[in-house]
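Both complexes below contain chain A, partnered by chain B and then by chain C.
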Partner chain A sequence: MNTLMRVIAYAVIIFIAAPLVIVVPMSLSTASSLQFPPPGYWLGYYASYFSDPGWLRPTWNSIVIASATTVLTMILVVPAAFALVRHKFWGKGVANLMLMMPMAVPHIVMAVGYYSVFGQMRLVHTHLGVILAHTCLSVPITFLVLSANLKGFDRTLERAARSLGASPLQTFGHVTLPILRPGLLISALFAFIQSFDETVVAIFISGRDAETLPRKMFDSIRQEADPVIAVISSLLFLIVAIALIAPHVVSALRGRFTTKGQEKALIAQ
Partner chain B sequence: MNRMISRLSEQQNLWPWLLLLPLSAYLLVFFAVPLADVVQMSVTEPTLGLQNYEKVLTGSLYRKVFLNTFMTAGIVTLCCLFVGYPLAYLMAHTSRRNAMLILLLITMSFWTSFLVRTYAWMVLLGNNGPVIWLIQAMGFEEKPHLLFTRFSSTLAMVHILAPYMIMNIYSVMQKIDKSLILSAESMGARGASLFRHIYLPLTAPGIANGSVLVFVICLGFYVTPVLLGSPREQMAAGLIGHQIEEFLAFGLGSAMAIVLLGVTLVILGIYHRRFGLDKLWG
Partner chain C sequence: MSSYLSLKGINKSYGDFVALDDVNLEIKKGEFVTFLGPSGSGKTTTLMIIAGFEKATRGEVEIEGLSLAGLDPQDRNIGIVFQNYALFPHKSAVENVYFPLQMRKVKRKEGMRRAEEMLELVGLKGFSHRHPKELSGGQQQRVALARALVFGPDLLLLDEPLGALDKNLREQMQIEIKRIQKKLGVTTIFVTHDQTEAMSMSDRIVIFSQGSIQQADAPLEIYHRPKTQFVADFIGESNLLAGKVVDAASGTLSSPVLGDCTYSGDHQPAVENGQDVTIVLRPENLRISRDPIEGRMNGKMKIETIVNYGDNALVIGLSGGVPIRVRVLGADVVILSEGDECCFSWDEDAIFLVAE
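Here is the complex of A and B:
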């Protein structure tokens, strides 16, 4: 049993790693169509990504849309999270469930709705339309992350500030907000990524004018024509990889420095 | 004094509603209205009546697509379980450092855009890709066609959804009290019987969570089946998109969307009554 599980587990590790490993060498390949192993290596397709407005414009659109979505989502979700975590009131359970609903509805269903309603409101093919839709879809995950942070908040700190004479506003600005900052940043990051990665609704409503990066990638993969897709894929993968590995490297380096420092301190003694 | 307290609590009761107001209003306009519009279109396009639902629920094409959707979601869920359980087990029973490394790999996969992963599978399974090369190197003459089949889309979906399953099972395995296993062993439970009677039931909540999550996401999956799957074996989301974009058949597309939504909500509703929905996403 144990060995069988182990063998399967190692195979699964290869299965999970293989697609991630293959993306970067593909982006350096000279082949103009899918071919592995690559016949030769160069940086030509990176150059074409960074000079092709057909790719840069969707990239920029995605950044703008995801940023605006993040701001709007936070403005709406932060007060709601405070209400639902810190207060007891009639209808709380229903309110909680309503907030989670956009997560339960398949995106294709929402895409049909936005396509029709935003079409009548002339919001199809506009940045604003995509931002409004994405904000809706970002609400549940942002709320989940933020409320988890808020639940762990030690409220005696606020009470201490109040008892020392701080006004409610001062308490919020000088105690609540600074303590909550990491939680706020992480939930904002979730909102950003949710929007930046969202594909289905964007395919239906972003059109040519507000074309997002995932939509462009989807079209490009469907037509199987543009080798630049490998470049943007490996860039997106590398951003994730660096963001995830960097903290480990930093803490490992820091750990080594502190132990060295401690050794020196010991020797000095 | 008593009156003051009750007035104070009244005031406090208004606060949460005030804080919730902006978000509620927003969700009403930009979530409930579009959703209601889908419902409306399903019974009014092109004419008033239930003929769209009749077509969707009895037409052979639609029945085939829905059946295919359920089957694919079921297969993907089972594969994720088969793939995820052993890996979660390894993570829970290896050194801390190794578990961290595997966790790093899984989170890396999880955070990488699923379009990127879909594309990567296209490379891996392509006609000039490494998998075909490996098959030929092993001495098989025939070049199998892997891309744009049920196989390729299923494989990619398993890869994309496996992290959900692994994380759910791993978080449960981590919390298992080791003394339970030890006491079962001291009473003579060994190997398969220890696993079946002690370990498996203890990890069942993680399996249930992961399976519901994977199944539900898979039901509504659009991008990967459209890009990697066989055009002859469409899934529901793909056909909905087709109806809207190609045929402008808003009524039929909407009716399909509502059926898909209904099934999803029934599954999540059952789950909610049993375990509580807030536990699903950890």
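Here is the complex of A and C:
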């Protein structure tokens, strides 16, 4: 039974992880279209990705749109999270529901909506249009992450700061913000990823001018299955892997110092 | 009594619920006053009104005759130690203590020096660069105290600060807080629901119940001369018995349980002949014996339960259906057993009347 369970577990892991890993050898392949296993290895497609404006422009578009989306989302979500977590007011339930809406409504439905409304407003095929749409899609997850952080925040700390002579603004700057910083960074990261990764709405409204990387990849795979797609996938995979592992490495290094400090504190007692 | 802090007619209500009902109190400069009461009695609400975090519905808080009404918490110059210490987790001990000085625009070098000095005063020399999570509960408590004192507050408020500590550490911190408070001479209000803590630390105890002050007196005064039945019951252990004054001038009363007896006239509340009163008898002022003791007043009871504490024991008996609690020394209890008929006796000094 135990062996069987183990076999199943490994099968599931391989099934889930294989598509992630398989793009790496494919990106180094000499084949002229996506093909596994690769007939030979070279770095030619990496070179063509970094030299082809047809790929670099959508990459840049995606970075700009995701960054702007992150900023706009945070501007909207931070005050909203504070208001909804800390205050009671009329219509709070409805406000909460509205914030969560984009998560429930299928993206394709929203994409069609944006296509027709933004079309009339001349926002289709513009960066601004994509940024506005992506912001709407990023709000729910960003809000969820941030409000969870805010709920765990001990407000006595703010009272303590006030009693020690800090104005409400100083309290926010010296106490609330620094303590919430990790939560803010994580929720901002979620907004960025949400936008960078978004394909459906981008296909509908980004057009040629504001073409994002996922959209370009989708077009490319339909037309020619260009192995550069494997290059991009590998690079994204690498970036995400680093982003996921880095905090653990940092906290492990920090943890070593902290444990030493705590030992000393115990000895000193 | 020249008063430093005055609470004048403070009322606080939340909708229909009255949290504080006409609280009046005068506190002298340098005094250590404890607010004692069960939870929900209004002591913490009063503290938060003084600190400026809650607004009184009616009434005034004054320091040296000046109303605090228009002042925000940050402008009141009041140091507070919170129940969970509320240390800033992202700052080291010394940065926590420096914070109030930073807010008062003290230069960093000068401020850090003063913060270090204050940490030394609370006995945390050499711990200044630890973060709160690297400090034990008692050490965090000391940092919180240093932080609340470093800027020379006009008033120090302590909101059940010892609740989270274990017994030994708590006793140690009681002595520490008292020592530091005396050294700095800062007027202090200490909130607790632990009466031994209140007894051992305070110049004066203020007893709260259901949103109003029951009594504000020195600890021994509170213990020996409770003004209300609530105080008598809440502070220490008491036998509370119904009685009626027979003759106030000579100090005689009658009681269904105690019979006719006399009481000493000192420090008793003003009572009239025929008035119903509550008789307070502390268990440690009663003695137990097989036969009536001459020269003392005696009652009879049947022993129901004996609870042994090692060095002493609590004997609970029934006299005319009313429970009587007697505290006896450990050595005396061996002659007694449950079910025995015995006598309990008292002096006329032991009786205290509460007129209600």
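Rule of thumb we're sticking to: the second predicted complex is superposed on the first by the 237 of 269 C-alpha atoms of A that agree within 3 Å, B and C clash if a C-alpha of one lies under 4 Å from a C-alpha of the other, contacts with A are read in each partner's own complex, and residues count from 1 in each chain.
Convention: contacts are C-beta pairs under 8 Å (C-beta built on N, C-alpha and C of every residue); 3 or more make two chains touch, one makes a residue touch a chain.
Keep in mind that this is a model prediction, so the values were computed, not measured.
When the two complexes are overlaid, the chain among chain B and chain C that reaches more residues of chain A is B.
Contacts of A:V77 after superposition: chain B is touched, whereas chain C is not reached.
By the touch criterion stated above, A:S163 is placed in contact with chain C alone, chain B being left untouched.
Contacts of A:I131 after superposition on the shared chain: neither chain B nor chain C is touched. Residue contacts after overlaying the shared chain place A:I205 against neither chain B nor chain C.
Within the superposed three-chain model, A:A104 lies in touch with chain B and out of touch with chain C [touch as defined at top]. In the superposition on chain A, no contact is made by A:A66 with either chain B or chain C. In the superposed model, A:L34 lies in contact with chain B only, and not with chain C.
In the superposition on chain A, no contact is made by A:L150 with either chain B or chain C. Of the two partner chains placed around the shared chain by superposition, chain B is the only one that A:V139 touches, whereas chain C remains out of contact. The intersection of chain A residues touching chain B with those touching chain C, taken from the two complexes, is empty.
By the touch criterion stated above, chain C contacts chain A in their complex at residues 51-53, 72-80, 82-84, 86-90, 99-100, 103-104, 126-127, 130-131, 133-136, 138-139, 147-148, 151. Interface residues of chain A facing chain B in the complex, by the touch rule stated above, are 1, 4-6, 8-10, 12-13, 15-20, 22-23, 26, 33-37, 75-77, 79-80, 82-84, 86-87, 89, 92, 95-118, 132-133, 135-136, 139, 141, 144, 193, 197, 199-200, 203-204, 214, 217-218, 221-222, 224, 229-230, 233, 236-237, 240-241, 243-245, 248.
In the complex of the two chains, the chain A residues touching chain C come out as 154, 156-157, 159-167, 170, 174-175, 178-179, 258, 261-262, 264-266, 268-269. Interface residues of chain B, counted against chain A in their complex, comprise 12-13, 15-20, 22-24, 26-27, 30-31, 33-35, 37-38, 41, 82-87, 89-90, 102, 104-109, 111-124, 126-130, 133, 159, 162, 191-192, 195, 216, 219-220, 222-223, 226-227, 237, 240-241, 244-245, 250, 253-254, 257-258, 260-261, 264-265, 268, 277-278, 281.
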